[in-house]
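Below: a set of structures, written as structure tokens.
Each of the next two complexes has chain A plus one other chain: chain B in the first, chain C in the second.
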Partner chain A sequence: MATQKKDTPDNFLLLVYRFLSSYKLATVVLILMTLVTLFGTLGQVNHGLHAAKEKYFYSFLFTDKIGSIPIVLPGGLPLMFILFFNMVLGAIVKVRKRLKGLGLLISHIGMLLLLAGGFVTYAFATDGYMAMYPGMKTNRVESYRKWQLEIIKLTEENKAEKLFVYPSEALQSIKSNEQRSIPGNGLPFDIVINGYSSNAMPVPVSAPIAAGVQAKQIDGFKLAPQDKSKEAEQNLPGCYLEIQPTGDEKPIETILWAGSYKFDPGEKPMPFIFEVEGQKYGALLAKKSWTVPFEVQLDEFIFEQHPGMSMARNYESRVTRFEEGKSDTSLEIKMNEPMRYEGYTFFQESFGPAGSQPGDRMYSQFAVANNPADQWPLIALCITGAGLLVHFFMMLVGFVVKSFQSKSKPKTA
Partner chain B sequence: MYSLMTKLLKPSCLLAGMLLLTLTSCIEDHSEAVLIEKDPNTAYPSFKIADSSTERFRYRSMANSAETSSSEGAAQQLVYDTPEGWTEQPASMMRVVTFRFGENDKGECYLARLPGAGGGLLANVNRWRGQMGAEPITEEEVNALPTKPLFGTEATYVTVDGSFSPGMGSTETYENYRLVGLILSSEAGAAFVKMTGPKELVEANIEEFDQFTSSLDVQTN
Partner chain C sequence: MKLRHILATLSLILAAPVCLEARDAPESVLPNYEAWSPETVHAFEHILIQDDGRVKPIYTVARFKLLQFSGRTSASFSTQDGESHSLHYAEWLLDVLFRGEIAKDMPIFTIDDSETVVQIGVSPKSKRDKYSYNELLPGRARLAELAQQYAEKQQQHEQSEKDPQFELDRIEGMVLNLGRNVSAFEYLLGQFGFTRPGEFLVNENILPDELVALSAKIDPIEMLDRMPEMTINQLVQVIQQPPSGDEDEAMFSGALRLFFFHASSARGLNIVPPESNETEEWLSAGDVLIKGLESKEARPWAKEQLQSIQELVDAQKAGPEQFQKALDEYGANQKSIATERGEGEHSALEVQLYRGKWFTRALVFFIIAFVITALSWLSPASAYGRIMIILASLLAIAGLVLNVYGISLRCIIRDRPPITNLYDTVLFITAVAVFLGLFIEVVTRIGVGTLLAVFSGVAGMFLSIKYEAKEATDTMGQLVAVLDTNFWLWTHVTIINIGYAAGMIAALIGMLYLSVRLFMDFAGKRNKDFLRVLTRMNYGIICFCLFFSLVGTVLGGIWANYSWGRFWGWDPKENGALMICLWTLVILHGRMAGWIREIGVHMNAVLLGGIVTFSWWGVNNLGVGLHSYGFTEGVWRSLYLSWMIMAVFLVMGAISWFVERSRKKKPGRSDPPPSKPLPA
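Moving on, here comes the complex of A and B:
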């Protein structure tokens, strides 16, 4: 007579629940996370920090090689998702609730908060920079690495009247051999982008380097794609842009290059200027930017060098913060002493121009971070630590009580 | 061990399936993205209207060897010493300063600047080596090259001996030549100082090369 196993799941949901809450899954995920961490750490040498994070930790799958053997591994993001659900189901829901397990339960809650904080940072945190010379005031933060295409409708005085943006995510998805047509969205022309390169340099056709560049020549220049820099901030994208008027006017072609934007907070971007139907427009590869709900003015930048060396000993900024007509003066932003306000953190990051000496006119650059989960790792580690303390204390008490009981038990003959 | 592996095989396969499912549902298609109208608020920068692609691609200042314009509109002056026995030549779009020296002006030294990283350090070192008929070197070897100061920072110092083919339309090759150069590659721009000539002539002008490169500076008026 056939017998049925007792633990056979009688429905699909139960099977899924058992799988997601199993120790085996946790073991597999933790082994894979160890491998991903190892590859990600070693990958920074060849790819640089940002590219390594993108490839190994923010991806769903990645390929790499061990020697000459190619391997495919899941990225850190899906593994952390799975680990999160595995811990919720396995260590919180499924686990038998008893006083003895209280410490471990608290520890797991701390670890879950750490994983949740990682996701909130990934999904919602923004980081950019704000650079200014003394006397400048702004609320505009610029991205380090994200570039977008901007079409600007200009006034007679060459000021921006309307702004049309082709988002950075869409721009960066264009392949070097792809030609992408973008409708004008109310503008009297459509645009076509081709030959996009995430790091490029326009070279005059008279330069020796131009001889090896197989690209279209426009206005005495060719766009030469370059190898991506390990430091993603140094990549300067470029592309060919064709403006196709919807009326009878002829198409206009040009090269756009991120280097026309600005390298220094005092510079002004130089868009490609063109006219359609008598209206002046500009086209520009510009850094993605956003604003904070208050303005910051740099009052003074203090820069000191080690004697006899070009290495900075100290640099700090005195700023004034303006919000709704009110101002907070004499605020200091120093290395390791950021300014925190309304969820934004301003770190003293760097200074410029390169090669500046004390006494030169210099600009100060702040890293501006907005991370709702900024303090979550600290809280998570405190909770995890507290949980482990509770667990170890209870284990110790249990051990002492047990030892005491065994000693006090009367010996039998 | 075998038992442990078989136990882990099932969750691994199911995990792979989950990942594949998640991957296919999460790939974003940006090809249909359109221009988005945004408000150019007060923080939006004003523009400089460049009168040519040369200026827009930052080659304008390179042609004017003596003057460039800074961010604040202040004039910037490139200053340098002219070594004794060297004769300055007219500047071009690519070359900010050019000198000739030696018998029949066989020796040449110039300063060139390119916007951006200028193609990168490795590519430029190997381009120069290629002009001298030398084999390319690896990034590790480039990183191990010595440095010398240029514009207040350390630049990579390159020395190559061989048969010099200048390119730029010239099909001639000059035997027993030496190339000595400095490459500075940064986000703000790249600078190159390159000296070429017969080996003995270049050797005899190393001090002059150092004098010129160490004197290079940009002063704001």
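Moving on, here comes the complex of A and C:
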């Protein structure tokens, strides 16, 4: 009889519901999450943080080895989804609503909010940085790791106008041995990329290292792919670029390398300059950038070290925020005291140039984040903490009462 | 076991540290040794110094210098007259600074492997031994050469993202360490060299003979009056000029070279408060010499500072009373300037912290309590057993009070919450674990809580002492900018460490349960009530662990969101905390799923302990992430050992589980009643 019931569609759905809301599923997912976290932590030693995050936590499936034994595990992303649905069904829908379980119910709601916040952050948050010397003013935020191909037009006054951008997602999908043609919509030339490396270094052909590089030689240089750095921000991509004028002019070839981009806010990028139909253009690999709806000017950067040490004690920036139609606002941004405004948060991140000492002219770097779920974890913590507190307090009282009761009972054994 | 046997065992345990101390007294070539008077040492220990970014008593510097060189806080040796001496670190530093010739013959450099000295061409003693500076002197040049080579290799290792080909092997690491220690010792020896014209304690060989001969006629302090006002660069040019044959010029150049020699030898001990209150950095005698040389305006001040140091050295030669008086005066003068500047206000408290040996004393209390707890097992259910447990609990409370007092002193001295670095976590977690154990004892009164408390106390205090000796650096150092927030240190850091403590207690209860259960299974007498109490106890502690770990972890995320702009970055330390939360949830949900019963709860609690140790110590040594506190040599070895011990308990649990399964399957044998369900 029981077997017949199981075959009916209604009971099949019930089985799915029971499975999805079960403690067993929760236990398995939690065990797997622990394992994934362990692998993801140890994996950072070899892969670096960014690559490990992509491989273990933001993937659907990953392979690894324990010693020489290969293993396959689900990535963090599906596990967190399953955990979310398991909690909704098991801890909110299915659970018996009684006073004794009130604390657990509250704490699970908090955890759901935390997971939801994690998802919103993963899907919608953006982060980048803004670096400037005192006196500089900008509203431009640059990506830490995303590079894009930009074609600029140089005016007669030698000013640059951005004409064309080949986005980072498309650029990074090009393999080192792949040729990709990009139509120069509206431009008097087409663009061809002959291989892209996410970390590379141009080497002179006279250098001994160049002998081992199987790549095309242009102007006495070859582009040598490098192993990816563990610090993803330190990767400098490079590619072979070919400009194919749509007219009769000859194609122009060059090596584009991210090392020609500015790494100090006081510098300017050095694009590859070429001429088509009498007009000067520039091509460069530049960091992806976007703007915020207000400008920030660095008025003063304060840098202090502990006396007699090279350890930073404090670094803070005094800035002025400018926005059309609003009065200018002067404020301070320092460690643990960010500026939050219009959904953007500016954190005092670092400073430079490297090796600067107090008294040197230094630039200040802000991390700029835009996260719709910015404050969700705090709310989730309050809810979860309160729920757990209620639950464990009730348990503790029960434990203490039972312990004293058992002691007061006469021993029979 | 008869009482006399017990007492004999107890006395052996208590005497062990004394025996160890007495055994380890290497021989010195010193004919005899005249000790400093306690008054002199007391006057010396309050001298202020700016070191690692803060003003502290020289007492602290002496402690960590000697720990750095020898791994001990006392310099022990025997002299040719057959006497054994054990010098306190303050006495040792007094010798180094004021009786350098004696200090050079004290065996204070601990060499863990004699291959280290063989490499530098010095005749080895035993495999692990102590050497004096003079014993190492024949290999000094080779040591400098090798240390330089290995330092470069180590730098390449760092720069190449830890390429194994540049990794130093054990002996290379030891040679590099010895090179650094000998160099640091030489700096200490040379501190007051400028006050002793014609006398060279170190580095005499690097000077040409004519300069050595000239040195007796040159007083660097007097030289300040005669020097023209020139920049350092101009003076260096004078030295670098080829000899013109002019005798006066040669004399001037030679004097200048000697001056720079003394100035560079006298760097490192910043005992001179700056001339201006607007300057934060204190100066060493070497800095003062250079400052006086650079600026005529600063010369009267510089001379005054240098002469006061000269007076100290002269007073030491004059006699103990004069020396003590001079030290008192120097210290009082420093103190008044420092007070005016708002520095070193807790220096006396810092001396009290180290002089009080609160953590060592706490260890002694915990050891005695542990022995008494063990003695209670002879008759646990009797009045004797109860009295012993109460006595052990009282001693554990005393140990806890001493530990908390030490922690409180550290908080006051730094004006910080209890935890700012890894060393603090050991003290704090020990205190919380002891407290939890005692709380369990109050509730259950079966002796288990006391056992947990005293075991945690012994292990934690022992670990803190070993860790301090291993690191040999000031444990109250300055914080990087991001940590400069007492709010988050009080909340996130403190709470997460309470979670660690609970995780460790849960693991200990698990180990206790698994070993007792196996013993009972083999003995054929299972005390189900006792086992059930242990399970309920552990369940409560696991919940406690979850609460603090979860709240602490999320608070850490919120702090990260304020500091770095992201709530969660999958940083190793964050992951470690997450794993603790996840595993406690595995235990709670696994039990609700019916997969985990009594044995399962305890086996998983032991695993939880493994995760806590990984999170607490392991992730810091992965060398990646924002929380990486730097590599501590030997941590992985200790971690692997702890995990192997835990694995043994897991095997014990597995055996118990199989025993239970086989009993259930045997026909005719009554199944044991199912475990009483735990609360949800």
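To be clear about the criterion, the second predicted complex is superposed on the first by the 351 of 413 C-alpha atoms of A that agree within 3 Å, B and C clash if a C-alpha of one lies under 4 Å from a C-alpha of the other, contacts with A are read in each partner's own complex, and residues count from 1 in each chain.
By definition in this document, a residue touches a chain if its C-beta (ideal position, glycine included) is under 8 Å from a C-beta of that chain, and two chains touch if they have at least 3 such contacts.
Values in this document were obtained by computation on a predicted structure and should not be read as measured data.
In the superposition on chain A, A:A367 makes contact with chain C only, not with chain B. When both complexes are overlaid on chain A, the residue A:K24 reaches chain B and chain C alike.
When the two structures are aligned on the shared chain, A:S229 is found in touch with chain B and with chain C.
In the superposition on chain A, contact of A:M335 is made with chain C only, not with chain B.
Within the superposed three-chain model, A:A160 lies in touch with chain B and out of touch with chain C [touch as defined at top]. In the superposition on chain A, A:P377 contacts chain C only, with no contact to chain B.
In the superposition on chain A, contact of A:I152 is made with chain B only, not with chain C.
Applying the stated touch rule to the two superposed structures, the overlap between the chain B and chain C interfaces on chain A comprises residues 22, 24, 27, 229.
The part of chain A that touches chain C in the complex is made up of residues 22-24, 26-27, 30-31, 33-34, 37-38, 40-42, 44-45, 48-49, 52-53, 57, 100-101, 104, 114, 117-118, 121, 127, 229-230, 306-309, 311-315, 335-338, 345, 347, 349, 367-369, 371, 374, 377-378, 380-381, 384-385, 388-389, 391-392, 395-396, 398-400, 402-403, 406-407, 413.
Chain B makes touch with chain A in their complex at residues 7-8, 10-12, 14-16, 18-19, 22-23, 26, 28, 30-31, 33-41, 43-50, 52-59, 70-72, 93-94, 114-120, 123, 127, 151-153, 167-168, 186-189, 220.
Interface residues of chain A, counted against chain B in their complex, comprise 19, 22, 24-25, 27-29, 60-61, 74, 78, 81-82, 133, 138-140, 151-152, 154, 158-167, 169-170, 173, 180, 182-187, 191, 201-202, 204, 206-209, 211, 218-221, 224, 226-227, 229, 231, 233-234, 236, 254-255, 257, 259-260, 262-273, 282, 291, 310, 352-355, 357, 360-361. Interface residues of chain C, counted against chain A in their complex, comprise 50-54, 161, 270, 280-282, 443-445, 478, 480-482, 484-485, 488, 529, 533, 536, 540, 543-544, 546-547, 550-551, 554-555, 557-559, 561-572, 575-576, 578-579, 582-583, 585-586, 589-590, 592-595, 611, 619, 622-625, 679-680.
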